[in-house]
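By written order: A, B and C. Residues from 1 in each chain.
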Amino acid sequence: MRRRRSALVASLAAAALTLAGCGLGSEDSGSSGGAKPTVDAGAQVTGEVSFQTWALKPKFTSYVEGVIKAFEAKYPGTHVTWLDQPGDGYDKKVLSQASAGQLPDVTNLPPDFALSLAKQNMLLDVAAADPKLNEEYVEGGVQAYQYQGMDGTFGYPWYLNTDIDYWNATKFAAAGLDVKNPPKTFDELLAAAKTMHDKTGGKEYLMSRLPGIGDFTNAGIKILSDDGKKFTFNTTEAAALLDKYRDAYKAGYMPRDILTNEYLGNSKLFTQGKVAWTTGGGNAIQDFVKDNPSLKGKVVPSPALDTPPLYVQGLSVSAKSKNQAAAIALARFVTNAENQAAFAKIVNIFPSTKASASDPYFSKSDGTPESDAKVLAFQSLAKAKVLQPPVISGATNDFIGQQISLAISGKISSQAALDAAVAKANQLLTQ
Amino acid sequence: MSVVTDPARPVVATEAPKSVRRRRSSGFNSVSPREKVARYVLLVFVLLITIGPFLWQLSTSLKGSGEDIYTRIPRLLPAQPTFDHYKEVTDTIPVWDYARNSLVVAFLVVGGNVIGASLAGFALSRLQFRGRKIVLGLFLATLVLPGEVTIISQYVTVREFGLANTLFGVALPGMIGALNVLLMYNAFRSLPVEVDQAAVVDGANAWQRFLYIGLPSVRGTISVVAIFAFIGAWDDFLWPLIVLTDPNKYTLTVGLQYLSGTFSNNPRLIAAGTMIAFIPIVIVFATLQRFFFKGVEEGAVKG
Amino acid sequence: MRYNRWFTPWVLVIPALAWLLVFNLWPSINTVILSFTNAKPIGGGHFVGLKNFETLLHDEQLRWALLNSVIYMVVCLPFLTVLPLLLAVLVEKKLPGITFFRTAFYTPVVASAVVVALIWQWILDDRGLVNGLAEKLGVISGPLPFLSDQWLLLLSAISLTIWKGLGYYMIIYLAALGNVGRELHEAAAVDGAGPLRRFVHVTIPGVRGTMILISILISVSALRVFSELFILSGGKGGPGGRDNSVVMLIQQYSQGFEGNLGYASALSIVLFFVTVVPMLVLARLNRRGAEA
């Protein structure tokens, strides 16, 4: 009895220590240089390596297994353990892996996840081990894994995507608008939204999206100071942009529910046939039609307004990896031109390797709207830019969104909302 | 040392007035036709309010791939009914393996709660001991303790115990819930104090009183605890996701996530998956619910 | 009484107590520690004294959240104490098909958040069921902004909570009704008490303890409301974040890699004190009622 009790006390004490440790670890990352690899590119590649992807099972199981098999064949003696995590809760999963010191050797991380981990010296600077990185991958992709104030590249860019515009031809016809010649700038979009509202007696909507950081970037507004320490988007230009949205909302050009809508709200409304415009990736038509077959043949794609956004996914290597050589080799192998091109042919994403640019698969349409959309998206990639800096995530993102919707609802002035958003975002940045 | 107490016994309406004697001959369990109609009308009314989500899910899961599931006015009857999506779910993910894992977790949690909460609830309500009030206060306080930011530190604890990536680790934190202890405490408290006193006079010890007097009379609350525990364990998503690494050990809620990939989402498929996960809950509920009515039914046997 | 040694009660209580300490109490103490730091989910932080609490004082969103929580509690409490009891009495009687009804009434409790969101958005949006019906009947001229007006959104969330809570509290009441026993009802029926009388004089006193427990649970969960507001506001807390609850704020601050665990912990502590008050009041009520 007594012995059992003392065991319990001991385990409680152990738990206490680790808990106090959690969240209060050492903070020695003041001047982050990033973790440098301890092996060079020529090191021998062999042994065990773990590889974590995000929501690729079961659709791409055979593709990933094929790549792994090819890797193991190319480097005899290696063995890859593949983990695929479900789509939901991936940030919490990676977070708990990171705080337990158990990041897989190679992990699929979007740039904002990688930023936080790199700040804690948890990721390797892969460029230091692989001098060819800049030569072989497109600039935008590599830059997404380089951060202000930090030295290094913290992931191999894997696949890219961008948004283009989609228009509902039926609704355009109903409003007397020409879907072959859709709006090309924000002001044209506003004018078309007014026409659609007026011509249909307020029954149909064109726009259903609140402005965000990406729209500010597109309007030439500087989001972050050069040293990355302060937010700067509370300018009069930004306020003027918000004013335009507010007036459109007030005039009834946008459905009122957008003030509460969740992410991807406009594409859902578009799929439901409630609005005539949305943005989406190069494969969006298939999804619209699958969920709402009545849209078949009625969706017309066109290039994004202004600068198209660039979305990047990448593979990062854990600084704690016990097998850095194999981990780097695997990350490089999965993201090489050949494997990415094969991946891009089974799902609508675009390779981040320069060699893929000449592949006719991406640049020639077979004439269907689906194929047109893919080619449009591929062409857009060339001028696409990351519109939202990776420091804006989580609470910062939510808070900015709340202030913007408050301004659109007309409860406070646009400038006051922006000032509040910047103040709060700065507070979170320097916490 | 232990003295049986009964801190708060409801005062029962002994003063019910003896006035007009209606309904006397019509036994307690029989219902007049008019009352029956009124009851069914009310039941159907509440049914309409509550059952919406279930029907929506069911109908979405049965709708054919060529059907618009986002019509302006939701259509309840599928135009092209099909079981394809159910088949696709079972083809895509090992539903049975995941369901077995979920069952293991759920049984651990149900077992832990039924045993742990009953024992503690009994001791707190029927036995007198020093520190009783403090312990009771702790359980009450737990209801309001801030638990929102603790999931990662819970994971660290479970990992310290060497239980990361095990089903036992998934079950562990939920195996005795403070709310369930309070529910059991409340149930034991409402037992008539006389029965207990008689047992003490007869020389029954605490354990015997727990087993032969306490437990049989709180079966209703035990089944509530079991239902809460089962559903809590069965429906949890985030916690098993964090604890488990090995896909073979995934529980059903985590495994069903494979139905919604990064690149596409088929709401019909997800609805079919949700319905599959829903069936065990219905079974558990339908099986356990009759214990709530033990009082009425046992009385009927006696009388 | 040689059968009951001093440690017998403790043997029964220890397992539950151990769980409580390891999985509830200790993490909470950790929360208190974190509230004086600027910790992030990974990589830690350092002590910042009372800075988080100072920030709390000027946090406009927190004021809205507290106000919302109190409104939530005041509205939910009467509805959810009474309606589920009536429902329990309704399904208590054995009628053909009653198992089906009992199970069906419980389905909102276990329905997935996504489905609940879809259904309620369909019911409440500008061209949804409620607005459509009301316009047809000529009650309103334009649609009511259930999902985009600060107060209507709160009201919608409260209805959603009541809808979800019906089945949950119903089954706790059902178990308690089972404990009341049929003899008392019969005695009262023999004495000529009608259904209403029996409800007031037999049923209600019989479930009094449960009623108090349930009202504690309702006020605690109303003050800690999360999913309903999250669902209806699409996770954004309404225009300007004025439809947040304290728990939603905690969730927002603690999520993601750059979450502010220190501030989220400070918010948790505020929430703790806010919830303790109604609980103490109700517990006191319970004791006084029992002594009377």
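Here is the rule we use: contacts are C-beta pairs under 8 Å (C-beta built on N, C-alpha and C of every residue); 3 or more make two chains touch, one makes a residue touch a chain.
By chain, with names taken from UniProt: A = Carbohydrate ABC transporter substrate-binding protein (CUT1 family); B = Carbohydrate ABC transporter membrane protein 2 (CUT1 family); C = Carbohydrate ABC transporter membrane protein 1 (CUT1 family).
Just so it is clear, the structure is predicted and the values come from calculations on it, not from any experiment.
Peer 1: Measuring centre to centre with C-alpha atoms, which chain is farthest from chain B?
Peer 2: Measuring from the centre of chain B, the most distant chain centre belongs to A.
Peer 1: Looking only at C-beta pairs that count as contacts, which pair of chains has more of them, A-C or B-C?
Peer 2: Of the two interfaces, A-C and B-C, more C-beta pairs touch across B-C.
Peer 1: List the centre-to-centre spacing of chain A and chain B in whole Å, with centres computed as mean CA coordinates.
Peer 2: Here the centre of chain B sits 39 Å away from the centre of chain A.
Peer 1: So how far apart, in whole Å, are chain A and chain C when each is placed at the average of its C-alpha atoms?
Peer 2: So the centroids are 35 Å from each other.
Peer 1: Between chain B and chain C, what is the separation of their C-alpha centroids in Å?
Peer 2: 16
Peer 1: For chain B, what residues touch not just one other chain but two or more?
Peer 2: Residues 72, 152-153, 157.
Peer 1: Can you list the residues of chain A that touch 2 or more other chains?
Peer 2: 15, 19, 22-23, 95, 99
Peer 1: Could you check chain C for residues that touch two or more other chains and list them?
Peer 2: Those would be 22, 26-27, 30, 34, 41, 261.
Peer 1: Help me check something: in the complex, which residues belonging to chain B touch chain C?
Peer 2: For chain B paired with chain C, touching residues are 1-2, 7-13, 15-24, 28-29, 31, 36, 39-40, 42-43, 46-47, 49-54, 56-57, 72, 74, 115-117, 119-120, 122-124, 127-129, 132, 135, 138-150, 152-154, 157, 172-173, 175-176, 178-179, 181-183, 186-187, 189-191, 200, 203-208, 210, 217-221, 223-224, 227, 231, 235, 270-271, 274, 278, 281-282, 285-286, 289-297, 299-300, 303.
Peer 1: Which part of chain A faces chain B closely enough to touch in the complex?
Peer 2: It is residues 11, 14-15, 18-19, 21-23, 54-59, 83-89, 92-93, 95-96, 99-100, 271-273, 283, 286-287, 290-294, 347-349 of chain A that touch chain B.
Peer 1: In the complex of these two chains, what residues of chain B are touching chain A?
Peer 2: So the residues of chain B touching chain A come out as 65-70, 72, 92-93, 151-153, 155-157, 159-161, 164, 237-238, 241-242, 245, 247, 254, 257-258, 260-267.
Peer 1: Spell out the residues on chain C that touch chain B in their complex, using ranges where they run on.
Peer 2: 1, 3-6, 8-10, 12-13, 15-17, 19-20, 22-28, 30-31, 34, 41, 87, 90-95, 99, 101-112, 114-116, 118-119, 122, 127, 163, 166-167, 171-172, 174-194, 197-198, 201-202, 205-210, 213, 216-217, 220, 247, 250-251, 254, 261, 264-265, 268-269, 271-272, 275-276, 279, 283, 286-287, 289-290
Peer 1: If you look only at chain A, which of its residues touch chain C in the complex?
Peer 2: Those in contact with chain C are residues 8, 12, 15-16, 19-20, 22-27, 29, 91, 95, 98-99, 112-113, 115-117, 119-120, 122, 255-263, 265, 391, 393-396, 398-399, 401-403, 405-406, 408-409, 411-412, 417, 427-428, 431.
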